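Okay, handing you the structure first.
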Amino acid sequence: MADHDERDVLAAGLSGALTPFGHRLMARVYYADTDFSGVVYHARYLEFFERGRSDFLRLAGVHHTELHDGKHGEKIVWVVRRMEIDFRGSARIDDVLTIDTRTDDISGARIYMAQQLKRGDEVLVEARVEAAIVGENGRPRRFPKEWIAAFMPGRCDRARSSRIGSCDNR
Amino acid sequence: MADHDERDVLAAGLSGALTPFGHRLMARVYYADTDFSGVVYHARYLEFFERGRSDFLRLAGVHHTELHDGKHGEKIVWVVRRMEIDFRGSARIDDVLTIDTRTDDISGARIYMAQQLKRGDEVLVEARVEAAIVGENGRPRRFPKEWIAAFMPGRCDRARSSRIGSCDNR
Amino acid sequence: MADHDERDVLAAGLSGALTPFGHRLMARVYYADTDFSGVVYHARYLEFFERGRSDFLRLAGVHHTELHDGKHGEKIVWVVRRMEIDFRGSARIDDVLTIDTRTDDISGARIYMAQQLKRGDEVLVEARVEAAIVGENGRPRRFPKEWIAAFMPGRCDRARSSRIGSCDNR
Amino acid sequence: MADHDERDVLAAGLSGALTPFGHRLMARVYYADTDFSGVVYHARYLEFFERGRSDFLRLAGVHHTELHDGKHGEKIVWVVRRMEIDFRGSARIDDVLTIDTRTDDISGARIYMAQQLKRGDEVLVEARVEAAIVGENGRPRRFPKEWIAAFMPGRCDRARSSRIGSCDNR
């Protein structure tokens, strides 16, 4: 196998994929994720969810490095404001997990996402996440219009069909 | 300073202290807790909260090792079922944090705890935690009556004063 | 895209790939891996290395769950005995890393592995790892002969060509 | 107990203590530190070691925040360059650990530290750490002379007694 092809295969699923509902990522459970009770440590599920949100952003064209480097006018970071997490089942070492992320709503300076962590079809953990972007002074920033189109394609489809038209620049 | 005394001072606050409302622990923010945005990574707050709950248990006389070794009849582990977390502010490297934990309710096989992570008097993160204890088969177990007295002293005081008397074995 | 195909792509590189030298895995840097200095926290590189070793094992046919469930006679876990780590450069948020793992030697109850973490062709971190497998009593166990063939294919090739023949069961 | 006194007790051992050999810190093992094999995850020992080094710095008068805020002329961060770690034994949930840190040598822009993690008198993990301080451009910076006195008191004692006198500003 040529080096280039090999790299392609190895990196194929690295950022997950955009889906009709939002974004899907697959990830493995390693030693580092587990605790002595035998299953994944509860706070580590939040890291899997962060990966899902970060890769959703990435595939939607938003990069942490660019945000951080001020490509959007000033240094911007994402901040999680609130999470509701239901731990329904437990993931174990060697498990392959699916992390599904969708945007429920974007309202001014807040984005509301729903995430599911599954093993096969079994939902193990569910999270509702309220996040924001903040500038260097810690003040929240409004989401650029093109991000709304990127994170909530459905809203724009609906908006267009009802001629509300706030997603024209899609 | 004699070795014994030194150890006493170094270990003085290690498990925090029982308080009228429940339990208080102090902890430091290190490199490991932070992320590149400059503040504590959101999932690491859950580790601080776990420390608070674990030490509350410890001072109330409940040890993970004993639970795990089956001292209570079978191997028992704590499981977090649900968390609601409000991230109001950000902790930074070198910060000294206070983690306050109290029990809001115990109902059959569920315990409801409220936790605050503060820097000085400023509340940075608040969490509501629903936890359970499960046996080896993964089935929830009822909380022993003496634990209710240990985790919710207030309830027993109220119970006694109204002669309901379900906390007599305190 | 059919669901089955999509899953194949998403999971394609999940366990990395066996290579002539051993094993290669690619992984992404997320918020959780970084610290406030702006780059990956030094201890998190060890998690990337663990993923590399775990997936090398996996593709070589050795599963943590099976080891843990006693498929090999008793409950077995991997233990890292010694690490030498050179931190030459720093990985950053959003970086795609390559983790290369090879076995340098297997001797009785010890396995010696060399690992490199790279961004593109630049070696950021190098590690030499001495590991062992231990049984339930904590006592080291000898590596099964078929594992030697799986982890050190080169040695068996050399052994066969020189008719030493300790790798016949490959 | 008055609030002020309580805070004193809770925070008493928080930063450990300077010792004749360097620095000692005590810390507890929580769920978050363990993995499914039942003991502390190997990479988490590095977090305990970082706490020891950070608090040694703190008590020696060097604060990450001040370094980061450019109090010393430019933004400075600590970087670990190399670690050799021997994992001799395993720490378990609820264990109280002692982390001993001493400076072996300071040479230009490098500091060499030796660390031990113990449970009671039993040494579980030993580490040799080579670290450096780097400025904003990533270039190593020489250690200020007063830091040498702070981190290697012994060297200055020896220096003074032999009238070499490079530690006069202590």
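Lettered A, B, C and D in written order, each chain numbered from 1.
One rule holds for everything that comes next: a contact is a pair of C-beta atoms (placed from the backbone, for glycine too) under 8 Å apart; a residue touches a chain by one contact, two chains touch by 3 or more.
A quick note: this is a predicted structure, and the numbers were derived from the prediction, not measured.
Chemist: Name whichever of A-B and B-D has more C-beta pairs touching across its two chains.
Modeler: When the contacts at B-D and A-B are counted, B-D has more.
Chemist: Quick check for the class: compute each chain's Cα centroid; which one is farthest from the centroid of chain B?
Modeler: Of all the other chains, the one whose centre lies farthest from chain B is C.
Chemist: Centroid from C-alpha atoms only, then distance chain A to chain B, rounded to Å. What do you get?
Modeler: 30
Chemist: Quick one: chain A and chain D, Cα centre-to-centre, how many Å?
Modeler: It comes to 36 Å between the two C-alpha centres.
Chemist: Indicate the residues of chain C shared as contacts by at least two other chains.
Modeler: 31-32, 36-38, 43, 47, 50, 68, 92-93
Chemist: Name, in rising order, each residue of chain A that touches chain B in their complex.
Modeler: Within the complex, chain A contacts chain B at residues 36-38, 42-44, 46-47, 50, 68, 77-87, 90.
Chemist: Chain A touches which residues of chain D in the complex?
Modeler: Interface residues on chain D, with respect to chain A: 31-32, 34-39, 41, 43, 92-93.
Chemist: Per the contact definition, I'd like the list of chain D residues that touch chain B in the complex.
Modeler: Answer in residue numbers: 6-7, 9-17, 24-28, 30-32, 47, 50-51, 54-55, 58, 63-65, 68, 78, 92-94, 96, 98.
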